[in-house]
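Just so it is clear, A, B, C and D label the chains in written order, and each chain counts residues from 1 on its own.
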Amino acid sequence: MPIRTEPVTVNIGPQHPSTHGVFRLRVTFDGEVVQDLEPVFGYLHRGSEKLAEERTYSQVVTLTDRLDYVASMSNNLAYVRSVEKLAGVRPPDRAMYLRVISAELQRIASHLVATGFLLQDLGAFGTPLMYCFRERERILDLFEMLCGARVTFSYMRVGGVFQDAPGEFWIALDKFLGDMPHYIDEYEQLLSGNEILLTRTKDVGVLTSETAMDCSITGPVLRASGVDWDLRKVDPYEIYDRIDFDVPLGTVGDNYDRYLMRIEEMRQSLRIVSECVKQISSGPVKADVPWLVRPPVGDAYDHVEGPKGELGFYLVSDGGIAPYRCKIRSPSLINLTAVKDMLVGGKLSDMIVTMGSIDINMGEVDR
Amino acid sequence: MGPITSANSFYSNLYTAFVDFHIVGVSPIPEWLAYFLAGFIVIFTVINAVVIITTLGTWVERRVLGRFHARLGPNRWGPWGLFTPIADAIKLLTKEDTRPDGIDPWVFNMAPIIFIVPAIMVFAVIPFGENTYVANLNIGLLFIIAVTTVGTIAIFMAGWASGNRFSLFGAMRAVAMLISYEVPMVLSVVGVVLMTGSLSLVDIVEAQDVPFIVVQPLGFLIFFAAASAEMSRSPFDIVEAESEIVAGYHTEYSGMKWGTFQLAEFIAPFGVSAILATLFLKGWDGPLLPSHLWFFLKVCFFWFLMLWIRATIPRLRIDQIMAFAWKVLFPLSIVNVFLTAIEVLVWPNPTTTEWWTMAAINWAVAILSIVIFSRIGKDKMSTRRPIFSSRGSNSSALKGAN
Amino acid sequence: MYGLGIMGGFLITLKNLFRTPFTIQYPEEDVPRASRFRGEEFVWYEQRCTGCASCAKYCPLGIIKIETSLGGTDMQEGQSYSVDVFDIDLGRCMFCGLCVEACPYDALHMGSGFERGQYNRDSLVIPIEELKLADKRPSTWFRPQLEDKKYHPQGGDPLSWDEVGR
Amino acid sequence: MTVSLTGEDVQARVVGAIQGSIESWNGSDVWVPSGFLHEVCKFAKEDPELGMDFLVAISAVDYIEYFELVYHMQSIVHNHKMIVKTKCWGRENPTIASVVDVWRGADLQEREIYDLMGITFTDHPNLKRILLWEGFPGHPHRKDYLEPPR
């Protein structure tokens, strides 16, 4: 007599300790195994794209901080670059170096958050999270010296950055660049060899490179599946072509690979920043672009390799002081298309860990 | 085999004090009342000692965990935050005790009681010092193992009665895990019993010329793993895995009901450390210091070990936990029992040198078995390094293994 | 081998057990802030302000309420309006600093504190009197001239209106 | 550098295969009549020369008389990119063929455009609102939402 079982539908709801923001998964379980799931989002939808049509080009910068609130430097960079492409402005060299330094520091901070919360989902009670946040605080102090804020920076302006870095910034940056590799080795020693982490993440949430490309996944998740696509190498913007660094790739495309990607990318970002600090030359920090910039009629799309993936802005200008249309290509939203392939068939605990390893940010998904 | 309440224990002094206490002109209190009063005072002191040490234990746990996280931990209430447990208790007592409407009231209210009672009953048979114990049952160890299984029912009652799906998940996981870890826990203790020849904890402590942790390494490791699974502490804390099923079986509880669950969950490590100290580290027996202090130091050592594990390693998945129990711990404990049985036959009442030979054999077998089992799980445990893309900015080779 | 990776992890946590905690006890110890920290209470120099209201225009949220009236009867060139109402609604402000960036006469500066919490919303609005009376410790955000003077709002003494110009 | 294909070479490749599929082009943008969109996209993906295997983004712009859909696509193998634009006429119920069967990445982006701009995509697997709740009146990203078009 077969045991009569029935699937149970559970709301891994908007209010749940490990959904990384207000994100809901309506999951039908057969016992612990995920049978079917349907992501539901929109809880953090603030209508940024509609708001952008009401603000001048320079005011929209404050809007872009709040998209991916963990990596607001690279949001600024993506937006400002597409306005410069629209207006045909080229920022001076020193501004580009400052932008790359802050974008790479922001990538380290975002990867620290991603790794810390991945371990929190795995159950390591807070220890890796606290170590990652201890290092992230040092980066936030650097940003506080640079632009006065700790999370929503609005540091970049059309044509460059608003102000040069103070003297104490460079001293603190050198000290940070000296200590950080040692801390990353500590994370590796604490985590990469940990047998329990290995059994929990290896061959879990596997994403083949074909599905990844088909679902237009970008960022560490795509590279973990072995697809060699990093905008900083493939389509070098700002001054990335003057800096040599490596792009880590995964082999299997499971959670462990995605974790390794982020740890390795942190090391590479450190390399980039230390190289930028060597190459930076003095000079103006902002091209003379009027505050009320009026780009010519037309449209432009520019993208940047953010910590979560390819963040792009498609701007349409009708010659006025405000963008006619500002479409945001958000990597976290599109990285969720393949969430069903990765999760169906796995267990409840695998689902939580895989969601953590995809590293979505609800501010960017719902805009 | 001492009598149940041996002559010079704390209890019998009390009893005699009550019997011959009488005010002139008033008839002495009846014999049964003295018996009851003495017993009540002993049990009252032990329970309060256990609960107070556990509340201090919560403070120690939060401070030490804080230090592991390179932060301070609670230090607001009283010097170094020592009054935090009291503040917690007051908060929990005054908190509203919500009862969602989807619950089964009787089962919902009974669950915390049934969960905390066995946790405290474990202390009935543990010798705290030279001759201080509540009762010296000659089946002490059997009593402990029997009592700890009752906790599983309480967890299932709480999970099922809360009526919310996360608690049901927690309850199902708890039943599956706790029952399947009873077997290795019992078998690993059989080795100790074989060596001492008696189940009573007092005799086990006396029989240990060389502490059993040295003689029985495999037994110790299995018991430690199984016991930390029994009290669902890391890395087996899937019963109330806060990142997966919110808070498992006690999601719907609040106020003092939740407090009772939490208290029981913190009494469990104190109890297990006490059992570990008695079984494997010669309990209260120690060279210079008074016996109570030795017992307390050994308990603190094991408690710190559990804290350290909780701070470092992540959680296992439910099927890995079950596989670990049945495929690793269970065979190893059978090997341990088989080996100890042969040793006991060869050296019925061993001298110290024979203890050390047994220790050497057991250590060899322990290391051998760990190597064999890690050989089996080798492919799952091998680490990987990322490969680096050779792509310059213009070459467009699609690198990727598959 | 089972456990060797985990052993490495145990050493790390043990090492961190003996490291000094990096957290600070906030109410007792003061939070060290950078000189460019975009603080809450704005610093406004009445003598420098000409009532041009470009700060109100540049603010993305439009939360600066400014009402000016003619100074004297005959307004010569270069004379400033008299500002009657100048209140900043901190309840809706996001401290982006665009108003400070837009002020052509360096009259408005960011403050350097963050402890101005209130119990109701309308007491979050900084009226003009409070702006006049508050002691002026401007943050060096978008004010390079203050930075060249190595001025730090947390330790420094208040600056009068003439020392702040570009 | 990711080469962005100009209109000529795209037109040379595509018109050769599908007659009358390119309306016009200027610079790197190629306009395609909405009827031919699905065909052009499928051809762009399967053609070994173009090999557009990665859909970067779909954007919708409301130009009051018509809606313009902009498809950014790129090829990871050849490292070049292409922009295809198409116009949807009509304000009540603009419809266009969905490209989900060509690239699965278009799934959520098309649902978002349906949700916020009101363009329905035919034979999309589950065309429902993605960011707003089901009963939401109107489509906010349209220019005439809540206030008269400028």
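FYI, a residue touches a chain if its C-beta (ideal position, glycine included) is under 8 Å from a C-beta of that chain, and two chains touch if they have at least 3 such contacts.
Here the structure is a predicted model, which means the values were calculated and not measured.
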Higher-contact pair (C-beta pairs counted), A-D versus A-B: A-B
Furthest chain, CA centroid comparison against chain B: D
Centroid distance [mean C-alpha coordinates] between chain D and chain A, Å: 26
Chain B and chain D, separation of their C-alpha mean positions in angstrom: 62
Chain A and chain B, separation of their C-alpha mean positions in angstrom: 43
Computed distance of Cα centres, chain C from chain A, in Å: 29
Shared-contact residues (touching 2 or more other chains) in chain B: 68-71, 311-313, 377, 381, 383, 393, 396, 398
Touching two or more other chains - residues of chain D: 1, 76, 79
Junction residues of chain A - those touching two or more other chains: 127, 131, 134, 190, 192-196, 198, 227, 234, 236
Contact set on chain C toward chain A in their complex: 2-6, 8-9, 11-13, 16, 22, 33-38, 58, 60, 94-98, 101-102, 110, 139, 141-142, 144, 147
Footprint of chain C on chain B - complex, ascending: 64, 66-72, 75, 308, 311-313, 370-371, 373-374, 377, 381, 383
Of chain A, residues touching chain C in the complex: 55, 58-59, 62-63, 65, 127, 131, 134, 137, 141, 144-149, 152, 154, 162-164, 166, 168, 186, 189-196, 198, 291
Contact set on chain A toward chain D in their complex: 41-42, 45, 47, 49-50, 211, 213-217, 227, 229, 234-236, 299, 301, 303, 310, 312, 314, 316, 324-325, 327, 329, 333-334, 336-338, 366-367
Sites on chain C touched by chain B in the complex: 1-3, 5-6, 9-10, 12-14, 16-17, 19-23, 25
